[in-house]
Amino acid sequence: MSRFNHILVTGAAGALGRQLRTAGRELAPRIRLSDRVPSTDLQAHEEDFVADLGDFEAVRNAVKGCDAIIHLGGQAIEGPWADILNANIVGTYNVYEAARQCGVSRIIYASSIHAVGYYDRTQTIDASAPPRPDSLYGVSKAYAENLSRYYFDKFGIETVCLRIGSCFPKPADRRHLITWLSYDDFRQLVTACLDAPRVGHMISFATSANNQSFWDNRQASVLGYAPRDNAADFQSEVFGMTAQGDPNDPAVRFQGGSFCAAGHFDDTLKKG
Amino acid sequence: MSRFNHILVTGAAGALGRQLRTAGRELAPRIRLSDRVPSTDLQAHEEDFVADLGDFEAVRNAVKGCDAIIHLGGQAIEGPWADILNANIVGTYNVYEAARQCGVSRIIYASSIHAVGYYDRTQTIDASAPPRPDSLYGVSKAYAENLSRYYFDKFGIETVCLRIGSCFPKPADRRHLITWLSYDDFRQLVTACLDAPRVGHMISFATSANNQSFWDNRQASVLGYAPRDNAADFQSEVFGMTAQGDPNDPAVRFQGGSFCAAGHFDDTLKKG
Amino acid sequence: MSRFNHILVTGAAGALGRQLRTAGRELAPRIRLSDRVPSTDLQAHEEDFVADLGDFEAVRNAVKGCDAIIHLGGQAIEGPWADILNANIVGTYNVYEAARQCGVSRIIYASSIHAVGYYDRTQTIDASAPPRPDSLYGVSKAYAENLSRYYFDKFGIETVCLRIGSCFPKPADRRHLITWLSYDDFRQLVTACLDAPRVGHMISFATSANNQSFWDNRQASVLGYAPRDNAADFQSEVFGMTAQGDPNDPAVRFQGGSFCAAGHFDDTLKKG
Amino acid sequence: MSRFNHILVTGAAGALGRQLRTAGRELAPRIRLSDRVPSTDLQAHEEDFVADLGDFEAVRNAVKGCDAIIHLGGQAIEGPWADILNANIVGTYNVYEAARQCGVSRIIYASSIHAVGYYDRTQTIDASAPPRPDSLYGVSKAYAENLSRYYFDKFGIETVCLRIGSCFPKPADRRHLITWLSYDDFRQLVTACLDAPRVGHMISFATSANNQSFWDNRQASVLGYAPRDNAADFQSEVFGMTAQGDPNDPAVRFQGGSFCAAGHFDDTLKKG
Amino acid sequence: MSRFNHILVTGAAGALGRQLRTAGRELAPRIRLSDRVPSTDLQAHEEDFVADLGDFEAVRNAVKGCDAIIHLGGQAIEGPWADILNANIVGTYNVYEAARQCGVSRIIYASSIHAVGYYDRTQTIDASAPPRPDSLYGVSKAYAENLSRYYFDKFGIETVCLRIGSCFPKPADRRHLITWLSYDDFRQLVTACLDAPRVGHMISFATSANNQSFWDNRQASVLGYAPRDNAADFQSEVFGMTAQGDPNDPAVRFQGGSFCAAGHFDDTLKKG
Amino acid sequence: MSRFNHILVTGAAGALGRQLRTAGRELAPRIRLSDRVPSTDLQAHEEDFVADLGDFEAVRNAVKGCDAIIHLGGQAIEGPWADILNANIVGTYNVYEAARQCGVSRIIYASSIHAVGYYDRTQTIDASAPPRPDSLYGVSKAYAENLSRYYFDKFGIETVCLRIGSCFPKPADRRHLITWLSYDDFRQLVTACLDAPRVGHMISFATSANNQSFWDNRQASVLGYAPRDNAADFQSEVFGMTAQGDPNDPAVRFQGGSFCAAGHFDDTLKKG
């Protein structure tokens, strides 16, 4: 019943990767789990493949035999430039170039809010708004969106870039009331990206059906993503746990939150 | 209670026409049914009027005495140029010109997705997107949208152009998961077009509240159309009955579906 | 739990002001009620402050000690130019200038549909559409939106301008089916404006979740306003009570309704 | 040196057709002149072909052997519906269908300001503005723009639709100060359309470099059209010859000028 | 030859007013000069009328008998609120209301860059960008733009709002390289506004043909304004006389220049 | 007279770098020339600094003491991924990070048409159009545009990204008729970027004043770039030397020209 027979999940040992695995065979009859560390508790339809995204040959071997990729791997928050470069810039190139060489036809890419983190929280943007990354991490996400556009325009490999907000069990701070993506909604969205007959190259914002929003996801409406969770259900709890923010604090002012308030990561390293 | 006293329905013997009739007197106290063939099972408030849309005098007689028209008639799919020309191009001119001569103030026109069929399925368009017809049938629908704009700008005759997706009892293929319009929602939408105090000249997309969509219907939001059905309720059933499509097949790539994959109809006739 | 400690409500003795008071301490621990006439039935957390908006010293005294203002006061419908000038133009300047001098950081301003009343009812507009006021009253509302933008850009005072449609116990005529704002939804929206960590300078349309609409409120989506009432629930009742309108009557044609059909108020005075 | 070897010019005996002929062999080594009446004074590179656009076989014979078409033919102003239908609607279909059957790759189509004549003269529009025809003639022009879009999207036949303003020896009235297209600029524009390596499907406004304008032609900037004439050079002369207009006269208010002030042509016939 | 017979110029004794007078009878056969002080050196076609804009009866007497108004009068830079209120807010109301009562059909209004002064200098805006005034003066200009829109929508009085940049004999500082309007170009623009058969309600930016710009004046292109001067001709001179600015200084950062760097005028008064 | 005292030019030994040197001291009193190879014929105001962009310490030493950078260095056409990665991705990061550490306040960055090469040649785009790179080279250019946005939003370093078309002594093929940038215009544009008091973060297209264009450079109009050359002056010469293109050849169809027709560079290497 699934459109794809053998899907590679990168970053499979991370939080999002582990969540995806709970979908079982819904995604595909056969799922290859790749990460720098082994995945545990393999199910019958799962196979493990340890690989560093920065190593092209390893990545090509991970990709070989698969017809779709859910690319969650890489550095998932701001970090040293060397890590961003290796895991996200070189790593994502390796994934796309391996996909081209191996005939993969569709990739679901975990992009991020931090590709557009410097928009003011009071602006509602859609997917055509120019990137305003808030970190080197965000720069690497915008880079991958453009790289995947190139692989679609020239080689026909389809991609959905999911600009993930804050994917956690529940909203943990006031900004999450806007950006929260529940695990269930995340799984549903990935499934929709796989089921759609055609995705071309598309950018989809990825949050739950929160009352608060600064994103207009209209340009991805063909995916049929119908989120069911709403961060507003946790508002009282969150308000009780957290202090009010100052509207002029960069962490409150901009969509990217605390990423906008931080300096250059490598400075921190030196100071630390 | 109805805004109009006597409504002409063209194409009354077709599938959509018959559905409208189930609304009974809700549309108006008196309804005239027109088609090339007689309508059957007339109710007390209904009257039958056989007419060929290509015959101006017949159309004028059908229109005379009515204050609104629901214009569903004409060639409803791609066909020979001669038929498109007679039924849709000449026929719709006849309807509008008769309406002008007879003082009709509002027309609901059954336009079609095929007026914009060549947009990529991954694009979300609104009613201001330039037409990209996928067939001579689609050309005739775009023509009628412009013709009705002219009759509004110059003569003040109001029109709502309903760009109908796929109006069937239930979704029959995977594309219908995006384009389906249920019969109930169709009736509700036509009623809204009649009830509204003012419609000016407006284009409204016409689908049910399907999760998947490539249309942004914001520009018709004053109509208050609130669809209740959702093709997603039939997704498992449709997935079970139908094969996956190739994302590069024109029938999958474009909004118009199989109309985009077909050649010129008259060629088919010659070959057949 | 509230973001603000002491809120000034202007126009507190009017219909909207009295509705807000029913929210009790939800808005803030302490609420100062200001109007030209005294407010009655004060609760423990309320204090009364009689002031004319046209008197700067009175306004400054009303503002002193408050950290937020809900500015509902002033002339609430079309009236003599002298009243519009004093209550709305001078009055709103007085409120903002007093806010600047007293260090108020956020103002919720009751703007109006009449700032954009001359848009055709069949057009869907968003908050970036240039004002098209339908009355001197509407001109004064657009003026206040620009004044508050200035106080934000130069002095950092945050404002949400609420373009209120028709805030009544229930829809009273056919236009209200589009423009109605229920009292509950009004209270919820004001609360959302107070709770948001950052509002910058924002314009939010203010209606309930009516089926019919001519407003796209996307640009205020960060507020998380989730209206629960729907004028469509009263449609039969309203249709029963009211006559059909002529689509070319300015009161039907334009969003501002009867304000668009009226002449200059001062003429009326002279004639009367 | 020319991109095309054998060009068909329809409407060759009309004013614009005769102007094009003065370009001699610049357009192509061989030029076929088609009209309902014979062309006179044939040059060595010219050939004459009498045909009625409403006659498909005649049109196909006219097209056969040509690799490009400059389609100027048809009813050039408002006229009886029967004439518009035959010459412009059927006629243009005949041209495109013959082009498809005969392998023509590019068509330059003489569209008109009257496809958008109902825009207010104070609005600046570009080619993406929805058509607002001011006449049945204008409806037929908008129809041909959509028909040619269909033949490009489905069959790859390139078209430039030239929305011609007022192509005359010099501006004859005050509206021409905005809409004038000199004969030299017309020839230059047609040449640019032929020389361009790729035109796809494009709409280009067609006026000289007049100071006054209501058109933004940016979307056709790849054509490299660089008009050299300017109606402003004739302003004193025109002001001297013509009376001032009333800004509320439809002929002054709208871009289409007197076409907007006229009623339905067939009425005029009956009255006359 | 002129469209208007008797034109009132307010602010006639100011710098712009005196420049306009050099146009002599080009504007109209008869010109009434109004200001708080008498105009001197009257020509045969000129008449003087001393009036305070804040005095309605005086303004109505000044307007009586004129068929067009060039409204340059009022407070021309930031000043005390009381002055802005009286001269610009009340004064412009008085001009429009008198125009309505006296049957004036067209007004040319001297708006200002300071209505949009808070846009960043690196942003290119057109006339549809929402106002961002940089001063109470700028608020009063945006107010008058909206007021004139109201008088057009309801009463049909045409207005061109000229957002004047920096109208001086020559550019005096580096910002003027962007915003300069020469006296010749100013006169030409006003003449174009008077000559045009229809202006409706329009906003036109008003600078010379400077190389540098942050304004896209496309929406006023029907006026046919063709500026001939260019501040770039003075660049070396200006660079020689003036120091470089800091790109983060509000006076450099924003379009409004030093108005954005100033505080509230009345504070200055108190301090001074 | 120059805004900057000491400018670093990277890629100084390349064609564009050598052209810039002909401007002499106009750019700044002191110019440091950096490239992987030494620059020759140093003038008194020039100093040479050999450095590999991939070596951060070398880049930091090159940057130290400069207050602005004209960053032309790196891989200038499509090449092996390893080269793009080292010279353009790592190299440009090194330049910006060194600029941040050394207090450089403005950078002029040589971006490229190949960041948007996959737009159809018949589309006119402005700087807000999402990148559609046509090569890994183009991906690296879009990356640098985003990286520089980040360094502006977070650290305040100003950048103008110049999307250079085809900078050669004269147009060499038919596509250059659209994309040509003369050396004189290039120098003028760089000078404008240095002279402007404020550039923020800006993308400017960079071609001469060619008749043909597919770029709308309005969003950079504050720079005051006034190109003087026009590729159309070479049209006859170019047409004589070059064959006509096929409109469906990717090299003709897309803005990026032959870059769009090429495969993956590393494949070519393997095959070679």
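In order of appearance the chains are A, B, C, D, E and F, and numbering begins at 1 in each one.
We take it that contacts are C-beta pairs under 8 Å (C-beta built on N, C-alpha and C of every residue); 3 or more make two chains touch, one makes a residue touch a chain.
Everything numeric in this text was worked out from a predicted model, so none of it was measured.
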How would you label the subunit E and subunit F contact, same or different, if same means the shared numbers make up over half of all numbers there?
-> different
Which pair, B-D or D-E, has more C-beta contacts?
-> B-D
What whole-Å value do you get for the distance between subunit B and subunit C if each is reduced to the mean of its CA atoms?
-> 41
Could you run through all the chain pairs that touch each other?
-> A-B, A-C, A-F, B-C, B-D, C-E, D-E, D-F, E-F
Within their complex, subunit B touches subunit A through residues 120-124, 174-175, 177-178, 210-214, 216, 232, 239-240, 244-245, 247-248, 252-253
Parts of subunit C lying in touch with subunit E, wherever the complex brings them together | 81, 85, 89-90, 93, 97, 100, 118, 128, 130-136, 138-139, 142-143, 146-147, 149-150, 153-155, 260, 263-264
What residues on subunit C touch subunit A, complex-wise?
-> 1, 3, 105, 156, 158, 195-202, 218-226
